[in-house]
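Could you have a look at this structure, given as structure tokens, before my questions?
Chain nomenclature is as follows: A, B, C and D, assigned in order of appearance, with residue numbering initiated at 1 for each chain independently.
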Amino acid sequence: MNLNNFLIPALILIPLLSGVAALLMRSDVPRRILLVTAATIHSLLTFLAEGAPPLFNNWLALDALGRLFLCITSFLFLIVSIYSIGYLARERKAEKDVRFDFESSSILSNGPESLLTACLLFFLTAMTLVCVSNHLGLLWVAIEATTLASAPMIYFHRRRQSLEAAWKYLLICSIGIALALFGNFLLAVSTATLSGGETELLLDDLLLLAPQFQPLWLKAAFIFLLVGYGTKMGLAPLHTWLPDAHSESPSLVSALLSGALLNCAFLGILRSQQILIAAGFASFGQELLIIFGLVSMGLAATFILHQTNFKRMLAYSSVEHMGILALGVGLGGAGVFGSLFHAINHSLTKAMLFLTAGNIIMKLHTKSTLEVRGLSHSLPVSGALWMAGFLAITGSPPFGTFLSEFTILKAAIEQGHYAIAIGYALILAVIFIVMASIVLRMVQGKPLDGQEAPYESEPWLSVAPPIALFGLVLMLGLYIPPFLQRLLVEATRQLGGAL
Amino acid sequence: MNDLIFVLLILTGFVFLGSGRLQFAIRTLALQGILLGLIPLLGNWQGLWGRVLSIATISLVIKGLVLPYFLTRAMHKSKVMHEDHPFVGFTASMLVGIICLGASFWLASRLPVIASMPSQIAVAVSFFYLFVGLFVIMSRRKALTQVLGYLVLENGAYIFGVAYAIEAPFLVELGVLLDVFVAVFVMGIIIFHISKSFDHIDTDQLSTLVG
Amino acid sequence: MLNLSALLYVLLGLISAPLMLGVINRTKAICGGRTGQPLLQVYYDVVKLLRKDVVYSRTTTWIFRVGPMMALGGLITALLILPCGGAPAAFKFSGDFVLLFALIGIGRFFTILAALDTGSSFEGMGASRDALYSGLTEPVLFAVLITLARITGELSLSSVFANISPLLWSSSAAVLILVAVIIFVLLLTENSRIPVDDPNTHLELTMIHEVMVLDHSGPDFGFILFGSALKMWIFSALLIGAIMPVHTGNALIDGALFLGGMLLTAVTVGLVESTMARLRLLLVPRMLVGATAIAAVCIFLTLK
Amino acid sequence: MNMILAALIVMLVGGFGALLVRSIPKIANSLGLGGAVIGAVAGIVGAISVLLSPHAVNSLRVPWSVPFGSFYLAVDSLSAFFLIPVFLLTGLAALYGAQYIWTPQFKPMIASHWAYYNLLAASIVMVLVARNGVLFLVAWELMALASFFLVTMEHDKVSVQRAGWIYLASTHIGTTVLFFFFILLGTKAGSLDFDRIAAAGTQIHPHATLLFILALIGFGSKAGIVPLHVWLPEAHPAAPSHVSALMSGIMIKTGIYGIIRALMWLGPPSVSWATTLIVIGCVSGILGVLLALVQHNLKRLLAYHSVENIGIIFLGLGIGVLGQATRLPVLVVMGYGGALLHTLNHAIFKGLLFLGAGSVLHGAGTLDLEQTGGLFRRMPWTGIAFLTGAIAICGLPPLNGFVSEFMIYFGAFHAIQSNAALSALPAVVAIISLAMIGGLAAACFTKAFGIVFLGEPRSLQAAQAHESGAWMRWPMAALALLCLIIGLSAPLIPAMLEPVVTEITGFSLSSLPNLSKQIQSPLSLVLVVSLIFGGLIGALAWFRFFRLRGKSKSQTVTWDCGYATPTSRMQYTASSFAQPLMALSVGSMLLKKHIIKPLGFFPEDGSFNSENPDFVEGRFWKPSFKGVEWFLLRFRWMQTGSIHLYILYITVTLITLLIWKLW
């Protein structure tokens, strides 16, 4: 009996059972400990999961691509769970103090913490399932499950805006996912021309038999899958739920949404693209991905410009980066490597930014960029992190994002897509500039009246997680660990790219 | 014979488009669910009858009974019985439905014929449901109606699934149903919260998050 | 490297430069029907000033005291590079004219600073105008040098002048005439003569060069006076050098020709001063830009 | 190489060490300073040893796990030449800075200041020794970021915030262009390692012109050529003065370094490149000095002079490239040599001037020219240092500025004398530009020095100004001395620059003995004449002293046409000094006047002030940015908040794709 056989089930069951337990637990502290413990074990298992054998007729398997996204998800969840200890404690305290909630002009009220914790864990379960499922139907189920697990978290702060955001999130994503279901079935139909007549939607089989698929059905299926998962991933103009959900949910949830959830949807698209590549229609998908990529980046620039809500700014930046991911895969070659690498960098950086945003909101009780000034005085650590995060997210050297964006640009130029390269670089520059004007205004200058009061030093539980993330992004810009390099190269190869 | 169910499905689709009373719309939906549950039985699945039967039963139960029941409860809780002022009127909606139908048949005709389908119009009907679902979500104000629209959309996909059930294994089928169920459940909860904190469930007024 | 014989010309310049001012003044006097001051009046003035005491403004610093020395020092050093009378200058090397004008420039730099050191608005005004004109004359000057370098194919002032031959005149007379005109305009400007500036005016508001040195007295002013004579000498020598086609090789003949030319220049300046009125201050830049235009014509003629 | 690596490490250790002991400012200050100075000394030794033995192996190559990257460092004589001013100015400005920031206002930031300062210095060094595209870009951006944080140290001021944004935006645009440059190079050469790029000549040459343009924009924006210069006049005044010295003195020179490096890779240049360089130099030089002339803020003025001097360097480069294109060794040596020497010189005298300006700010509390005056009596050290810098930057003998400008003149005149008309024209432009720049620079610096240091104080704070402390004075003195030393070592310069020019162009000076003499003798004679000039001044001073000995030297008020009690308000101002030139050269296009006329019988105070906004910024950059903004805002309606519309987007997207792909 090989213990490895239990790895994948453990990865799924541990958060699932912990989630159920969390739902039943009454007191806060053990529940928080449970959360961190589950996250830690999950991360450890993820780390060990290399070479885990496939299970259930290959339904669950961990290839390089899945492992890459699982690593991101699991690690991010660990960091966020640590952050959540301090965050939840402060939320609870604010609730007890009967603090006035400035955004909803009413007394602050939150959803039950047990529900949030449980949803976090279910969310992790679903995302793990996304990463390990080797069956497109299962993948679909898992992705829809992520939506369902995360929707209640968006409505953690009991405000009208959160409610609105949760509703939009749920409805739009569900519609998207329903389209993806269409896609899955169309894909299944496209296999009907095979002599055998019977194919399950197992990825391995699909990849093997793809060249014999009925091309038109396959293309139609891809369009549905792309639009469906693209909605969830936040590709413009399907991204509309994204800024609302990110800005209204608690910051730690936003961090997970942006850092982990979007990647999961991206994985769905990558799986579809894998099949297209195997079928010999790689360029069909690439063309669409490039268009979606550029449109997402451009539209994100539009909304980052003069953005007055800094969490929305981060959300639009996620749209931008999803565009970059799509573009990278669309370009193929080294672009795939850049794109996958960028997925890591973006997750770490964006999570760091959202956690920092959480610190800022916690202290200053506002999400408005106009009401935040002089962070470097009022919140020195978070202010510095905010600035550093801005530089990282815009792809400045020496951060990891620079390397990945650079790689994608290189791919574009190498393949002679000069117009795309110029458009890409131009949009990146515009976003850098418009984002700079927002971020600099927040960090620099003198704090506004009422904000300059000397705050107690920032609790380490709320600054250590973003600092850790920042350290990693910085490290990835200067050094890529060998195991990660191997993983990336392997995953890139799966998607038909090469460095 | 096979085509008959699909024709019935199309007709229920139109009925759904034209119904302003939510209770009626929910019942139409329940009818659709039952029709969908019948589709797997049409196929010629030698030796797979056990599987096919169980799928048919489960979808009959969930789509035909559980979901309608649940939706009716949500309707009573949110005290909204009627879709008052849709963006597109009910008569006009049915006209749009005709356009949708045309588009669906066009789309289906673009795709090569699949021999193993129980009916040749299955593809078109499923696209029709897709468009109708999307259209209802876009043209109705009440959150509950939008959920109904979502379910129609889902049914569209499901037609593919059951018409081609052998491709989608049992577990997946189950997962899909479970997901839909939970989705509707969560949506119901949110609708409840919306009606509580806004005193209405008009989604066009849920537009404070701009820019 | 060092041409000792040329040192004679340096000496000649030092001695006879003030005479040029005398000649100009005398010419003007004759034109005006007056007897005028003695030819050697400038010498008397310099000697007298050198013997006088000094009065300083309390505002000034040592910059004020150094200014005149710098100006004079620069001009005297410039004589070492200036070829006169067909003979090479004391120092002759490629690009020597750059140094020549840089030496004049450093004098001007300090003169302006000295003017600003007094804190007087009049002297500030003069300084401003002087700075303006130098900014305008510099490019013209170099345009002339480009033209000369181009037509003679030489890069040191001495060789350039040595190559101005009747042959060259026959081939590019137009250019040489234009060059002469430009240098003459520069001469008038740099030396603050009419029509650019009136050295004899008594209205400070309209002065340029004279107003900058209002506060100087005693030996300092003596330096300045002598310096302005030297400047006249240098520019006249440039003018003569640039157009003088006759180089006999006989030092005496060449020297005489040179001195004649200098005399003629002085008389011409005097005549110009007698016959022309002063330009309005705002028109001076226009005149200089006009000179620039002519210089551009020269360059294009040589580049063709 | 080892010494330079050691210098890098010492600097970084000092800087980040200061961050660790941030709670004790005194130790942090000495640690940061120590790191910078020790690193600088080690680095200078290392750089000079490389220059002296150019053929020794000076490289280090370590595999690096980032895509396309390798940790490849090397020092050739070009790098070494640029490293000398870097280390020199870093050390001296650090000494100065240690005292400059020892004020209550800066004290809380001392540790971070040193971290950024040393990081800036180290990243500049990295830029110069990096031999891989990715490594270069990382160092390049680190340099930009470190300097950005230094620029925005006093970010409580609105002007500093604005400066920071403009700087960040423009440096980012430049870097983006460099991305293209390096990627294109790397794509053609197959690697981003510089040795492979240099070896891949034939693959690169077909794209040389495109690459040349990219390099010009990318590196030019750092160097500050017009119209990419707008960040200079914003960033330099905002930064603490020793940082301005560092940025203006050496950081912008990395742009020059980059262009020279690019020229080495792009193969035989054409005359059109030379023309381009010269035109850029001409425009930057003249516009830079004109805009400098109208500034009221001393550091802004100096910043525009950096634009001007970059123009001069470009003129030199242009002449050098012209020489390569027409195969004239004299042009190559004098053009490149002049440009290189001017790079070094500018580092020295601009560093000196910025330190002087900082000293003025420190002592008199203002940089506004209209608030200063009469500081020479109060701050004699600063005054002399500033004066030296001013003379040097105006290119007047016997200081260093003259030597480099002379070399460029010399090269350009050679081009005129011996070239065909078409290639002589750029040289003509170069000469005229140089002459014009020279004249205007003199006007500008007589204004700057005269208004700030001479005359009477125009404000109370200027009247109460005090001299800076010894730590700030000695670095200035050292730089001033260097101006003189380089000026006086003119004849040695071609020999010194020979290995560098050979490295760049492949033209070997020593293989042309005749040429060496042709170049050597003018420079020697320049020195001789300069010395004579010095001697003459001495003689005149002696003469004057002798004459005045025992004579009465009465003191009185300045003669003001009989007006006996002149006040400082009656002095000529900086604006009035510059007015005629401005009115002449650019008309009233630039001038913005703010006039409050005295009205009525008992008028209130009237006032008049004028400002000259940078028209490149106002007429070109601002409208472009506004245009982009306008365009982007056109799409803002999309996020209306209506869920119905959102779902419409999804539907439309789906249908569009289906129709497009299945039609």
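Note that a contact is a pair of C-beta atoms (placed from the backbone, for glycine too) under 8 Å apart; a residue touches a chain by one contact, two chains touch by 3 or more.
All figures in this text were calculated on a predicted structure; none of them were measured in a lab.
Across the assembly, the mean Cα position most removed from that of chain A is the one of C. Our note on geometry: chain A versus chain C, Cα centroid distance of 77 Å, whole angstroms. Chain D has its Cα centroid 69 Å from the Cα centroid of chain B. Chain A and chain B have centres, each the mean of its CA atoms, that are 30 Å apart. Rounded to whole angstrom, the centroid-to-centroid distance between chain A and chain D, based on C-alpha atoms, equals 44 Å.
Shown for chain A are the residues in touch with two or more other chains, namely 167-168, 171, 175, 179, 216, 220, 243, 303.
Among the residues of chain D, those touching two or more other chains are numbered 636, 639, 643, 647, 650, 658, 662. In chain C, no residue touches at least two other chains. A complete list of chain pairs in contact reads A-B, A-D, B-D, C-D.
Within the complex formed with chain D, the chain B residues making contact are 87, 103, 107, 110-111, 134-135, 137-139, 146, 203-204, 206-211. On chain A, the positions that touch chain D within their shared complex are 167-168, 171-172, 175-176, 179, 216, 219-220, 223-224, 226-227, 231, 237-238, 240-241, 243, 284, 288, 299, 301-303, 305-306, 334, 337-338, 341, 374, 376, 391, 394, 396-398, 402-403, 406-407, 409-410, 413-414, 421, 425, 428-430, 432-434, 436-437, 440-441, 443-446, 477-482, 485, 499.
Chain D contributes residues 636, 639-644, 647-648, 650-651, 655, 658, 662-663 to its touches with chain B in the complex.
Residue ranges of chain C in contact with chain D, taken from their complex: 1, 50-51, 53-61, 63, 65-66, 69-70, 72-74, 76-77, 80-81, 91, 93-96, 98-99, 102-103, 105-106, 108-109, 112-113, 115-125, 127-129, 131-132, 134-139, 141-143, 145-146, 149-150, 153-155, 204, 214-215, 218-220, 223, 285, 299, 303-304. Those residues of chain A lying in contact with chain B across their complex are 135, 137-138, 140-141, 144-145, 147-148, 151-152, 155, 158, 160-161, 163-168, 170-171, 174-175, 178-179, 181-182, 184-186, 188-189, 191-193, 197-201, 214, 216-217, 220, 243-244, 247-248, 303, 307-308, 312.
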